[in-house]
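Note that chain A is present in both complexes that follow, paired respectively with chain B and with chain C.
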Partner chain A sequence: MRIILTPRLLDWVGRFVVVAILGFILCPAVVVTIAAFNAKAILAFPPESLSLRWFTKALAYEDFRTGFRNGLIVTFWASLIALGVGAGFAFVIDRYQFTGKNTLEAVLLSPLVIPHFTIGLGLLILSAQLGAGRGYVIIVLTHVILVLPFVLRSVYVSLRNLDRRLELAAASLGASPGRVMLTVTLPLMLPGLVSGWLFAAILSFNEFTASLFVTVQRTQTLPVAMYNYVREFADPSMAALSVMYIAATALLLVVANMFLGLGKVLNVENAR
Partner chain B sequence: MNGTSDRPFLRSFMMPALICAAALVAALAAILNYSLRAHIPGSLEAGGLTLSNFTALTNPLYARVFLDTLWICLLTALFTLLLGYPLAYALVRTQNRLLKSAILIIAITPLFLGEVVRTYSWIIVLGNNGFINALLLKLGLIARPLQMMFTTGGVVTALVHVTLPIMVIMLAAALAHIDRNYERAAASLGAGPIRVFFTVTLPLSAPGIVAGTTTAFAWTFSAFATPQLIGGGQVNMISNLVYQLGFASFNFPFAAALSAAGLVFTFAVLWLLRLAARPLEKLGTH
Partner chain C sequence: MSRMRAEQEGSGAILRPGALLESRPASLRLDRVTKRYGEVVALNDASLTIAPGEFVTLLGPSGCGKTTLLNLIAGFIDADSGEIFLDGRPITRVPTCDREIGMVFQNYALFPHMSVARNVGYGLRMRRVPKTEAAERVAAALAMVKLDTMADRRPRQLSGGQQQRVALARALVINPKVLLLDEPLSALDKNFRAAMQIELRELQQRLGVTAVFVTHDQSEALSLSDRIVVMADGVIRQIGTPQDIYNQPADRFVASFVGDVSVFRGHVAANDGGKLLVTLGQAQIAGADAAYADARPGDAADIFIRPEALRLAGPGEAVIAQGIVAAQVFQGSHADIFIDTASAPSGRVLTRAPASDTAARLRIGSVVNLAIAAQEDVSIFPPAAE
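What follows is the complex of A and B.
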């Protein structure tokens, strides 16, 4: 009897544990949504009456609007530059051996373990020393450095899975290296490029700690504006903005999952 | 051939990466440079060479922040591993496509939400008028609100939420590459599911455990908004101190010294973790 029961019991315990952990992950998102629709400025669970006023207030708040605009500018340039730099370098590390290759790769991947506040402080001091001021250039550079490891990894995986024989076939039929790159390699790399760009764009738009160091009031991105808001005000406008944020991000990931297959991109598909 | 070497694109593809790497190295060099300079009060310029910033770090006040940071990082990495493993296991092993996608999306969405939104949400959950206290008060389980804000426990809870996605991704990658035949062999020889898990699956996933735990540690070390807002000055990590020194006291040389020391500290701890994990990692090679 016990022998039959144990695996089934185990199964249910496992299911319960997994659901509980998913609950832990979802908990803040659910709670912030409830808070966002609460009509009163003071938190109450459950809310006594519902309203959309915090959404209109958040959308009208000037710092959020400029933060959103600045964020889009920075994200646009940073993700595009990081994609170009990362894809080129991923191609080079996939194909060639050269001196200093491992060092260069290690330096470019190091932002994964170097704290963001250290990178932010370093670039802030550097730009001050160069007299570069605190405009968009330094923010974009900071973001490129921070998101580059993710682009590298994403593009590198798609290059590893690429069938080299297709390139050789094109070359043997007389295509120049440039033509092979444009008509064979690049199209085959496309899923890796798209997912790499997507990761870069989302991470750049959300980057906070390093941005706090390198932005000023005029150039602050949305996360910095939100941080300043949370420090100054306690009303649920921030909850409303968070809800919009969470919904947009989740939607983006669901769409990405449909078109790209995130499991494959993240390398978590079953081997057999 | 037509003027290009046998390595087309090498130079033009590598140059931009080289520039980015140079900028990063220059930024770290700038920190090192500033950390060895004297602070001129009221000025952002740094003074002459000095070691005083590093001798000032020996103040027990700062040693305390280093130890607190280490403790918070270790706790966070440990709890992230404990929560991440079952989730990664379910993600890899479930046969249901829809369920798999749902677990994946729920597990990684927090990764893309940014520290501020997540931290703010946790303030609403943990606050004195927050969700948990409202729930417990209503159920009559407590008479007064529990103090969860401004405590190490509150900070660690929110930090685990931040590091969980990357842990799940790394563990799932390791679990996905385990040859299931090893498990089938163990089971066919009479091992029960629990025994199969502890003697076959868990050791084979060791590389993922090591990678996930060290990454969680490094990310926690990097956290700023969470200890700042949920810790509220009661729980301080190195990041908070660096910001305070830079933007409240404008003492950039000392902030740089603290950053440099923090960086050495992280790498030392990561190196020790790797060293301790080496016998573990060997289990995973097959």
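What follows is the complex of A and C.
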């Protein structure tokens, strides 16, 4: 039997494939969300009866609370430092010609190809050698290294899209280099800076592999606390926490979208 | 220092209503300015003097150094040698922001994150002009370019022509000593460009501001300028009024780049101290200038004739060349007639005739005789190396 591929059939097959792919992408989040409302103390899908008790438990659990607090501290500093350092390097790479420029770029982007556990392990060994201890400094440092490439790329793209003639126009109108930077360059780079910071913050807050190496009980971030929890317990409070995680991140993106437009934040639109 | 002066002059202007926008026309002088990019000489030993209030066009093909010259005046790039004077003051090492220039870019370079009014007011804010005065000057500048109703729009909400005017208002509101324009009309469509040319010229003359205009469009240069600077390969080839450039081109390049021209091959009959007499067909033609001073009788000579100086020979007229009509292009008021002739090194020449009497008389392939209509519009140069 031959199937005749009419445009109409192709159209329906195409729609089905797209829906299937989207469904597959959303599948884990949907499963976890539904499991979070299970009334029983097991991670099961689908749940037999519904309850909000695991949300209450997750919010009350001491390790999660400190993990959340630690995560915020680490994310705040790591994303801020990465933003400053990344934007600075992006500016230098975009504006100046110098020997070793390609090497510099490769080194700055290398955390993208080096496994996170390698970076975590390396910094763990290093901090032990230096006797630095496993405080916040080493965690923040680890996260800065990991998220730097994302800030760098994001800011670099927005600098590339910036018409240099705008800066020349500002200079011709009497703006000193500092004021050109403040009144023209920075405002037009803002979407790139915000998106870079946003990526850095989300990645840092979610980072697990490297964090596992460099944190201790006192400084563990939320993903590490969740891992430690799931090693001992298997109740749906993990799933409840995941739902809150998703909701918080989505809220962050919605806020960013309201102020700047998602196209700009994700740098897919020319910053105009 | 200069900023303080700008402010004083600005506040002086407010006392005289209607004089919010007034220019301080300045002279501009380039003294043997050279700019290299590695091995490439972008601008070679350029000297040029521009009088206050003059409209000067830098004309040449792309890569001729005209934009380099403009960028040097603006201070966007530094000269390797030579000196630039604005109002008699050397500015070669003065940063752009202190040069008191107004610049209009090809893509207008309006700040996309500011409204039209804030774009125009940018230069005034940088000069710390008091707010109320700045607002009045912005309003006056926008009224001048007929955009007073658009003050709150964003640049991207405007058409190309409107953006162009905003750019012009932004550059003029600071009362610049010199207005620099980098191919500002080339992004506009053709019909609108002609209207903007007239408007630009009127505005410049009304304000009396010194203007340097860059273009690769020779007809734009001819119609706008007080004087034209023709450039090629980083060298200034000729400086002169549009009439000078058109009628007495300094060399073959200028003759061919500005306006249409036909080249005939003739022979030198006599050389009276640079005044040439050349033979072309049955005609003897006197050279208008001394571009071929070392010519000896019998030497070959290339004779450049404008289309309007060439005509179809009437009875009894001295024929300079015989040819075959290759094509006729109707242009409305006249027709361009392309004629193939052995007397031209390129094999083809161009003449013009009133549209009314050509179509009937001339057919493709018919044999015609050509004659000179106006001897003074003829230029004689050494033959091109082949």
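In this text, the second predicted complex is superposed on the first by the 242 of 272 C-alpha atoms of A that agree within 3 Å, B and C clash if a C-alpha of one lies under 4 Å from a C-alpha of the other, contacts with A are read in each partner's own complex, and residues count from 1 in each chain.
What we mean here is this: contacts are C-beta pairs under 8 Å (C-beta built on N, C-alpha and C of every residue); 3 or more make two chains touch, one makes a residue touch a chain.
Small disclaimer: the values here were computed from a predicted structure and weren't measured.
Enquirer: Overlaying on chain A: chain B and chain C, fit or clash?
Expert: fit
Enquirer: Angle at chain A, chain B to chain C, CA centres, as a multiple of 10°?
Expert: 100
Enquirer: With the two complexes superposed on chain A, say which partner A:F91 touches: chain B (first), chain C (second), both, or neither.
Expert: After superposition on chain A, A:F91 lies in contact with chain B alone.
Enquirer: What is the contact status of A:A169 with respect to chain B (first) and chain C (second): first, second, both, or neither?
Expert: In the superposed model, A:A169 contacts chain C only, not chain B.
Enquirer: Check whether chain B or chain C contacts more residues of chain A in the superposed model.
Expert: Counting contacted residues of chain A, the larger count belongs to B.
Enquirer: Could you look at A:L251 and tell me whether it touches chain B, chain C, both or neither (first, second, both, neither)?
Expert: A:L251 sits against neither chain B nor chain C.
Enquirer: State whether A:L52 touches chain B only (first), chain C only (second), both chains, or neither.
Expert: neither
Enquirer: Applying the document's definition of touch, where does A:L9 land relative to chain B and chain C: first, second, both, or neither?
Expert: Neither chain B nor chain C is touched by A:L9.
Enquirer: Taking the superposition on A as described, I'd like to know which of chain B and chain C A:V113 touches: first, second, both or neither.
Expert: The answer is first: A:V113 touches chain B but not chain C.
Enquirer: Of the partners chain B and chain C, which touch A:A60 in the superposed model: first, second, both, neither?
Expert: After superposition on chain A, A:A60 lies in contact with neither partner.
Enquirer: What does the superposition give for the shortest Cα distance from chain B to chain C, in Å?
Expert: 7
Enquirer: Across the two complexes, find the residues of chain A that touch chain B and also touch chain C.
Expert: Overlap of chain B and chain C footprints on chain A: residues 176-177, 272.
Enquirer: Using the touch definition from the top, list the residues of chain A that touch chain C in their complex.
Expert: Result: residues 163, 165-166, 168-177, 179, 183-184, 187-188, 272 of chain A touch chain C.
Enquirer: Along chain A, where are the residues that touch chain B in the complex?
Expert: Going through chain A, the ones touching chain B are 6-7, 10, 14, 17-18, 21-22, 24-29, 31-32, 34-35, 42-45, 81, 84-86, 88-89, 91-92, 95-96, 98, 104, 107-108, 110-119, 121-126, 128-129, 141, 144-145, 148, 176-178, 181, 202-203, 205-209, 212-213, 223, 226-227, 230-231, 238-239, 241-242, 245-246, 249-250, 252-254, 257, 262-263, 266-272.
Enquirer: In the complex formed with chain A, which residues of chain C make contact?
Expert: These residues of chain C touch chain A: 3, 74-76, 95-103, 105, 107, 109-113, 122-123, 126-127, 156, 170-171, 174, 180.
Enquirer: Could you pull out which chain B residues touch chain A in their complex?
Expert: So the residues of chain B touching chain A come out as 2, 4, 7-10, 12-14, 16-18, 20-21, 23-28, 30-31, 33-34, 44, 83, 86-92, 100-101, 103-110, 112-125, 127, 129-131, 134-135, 138, 161, 164, 169, 172-173, 175-180, 192-194, 215, 218, 221-225, 229, 238-239, 242-243, 246, 252, 255-256, 259, 262-263, 266-267, 270.
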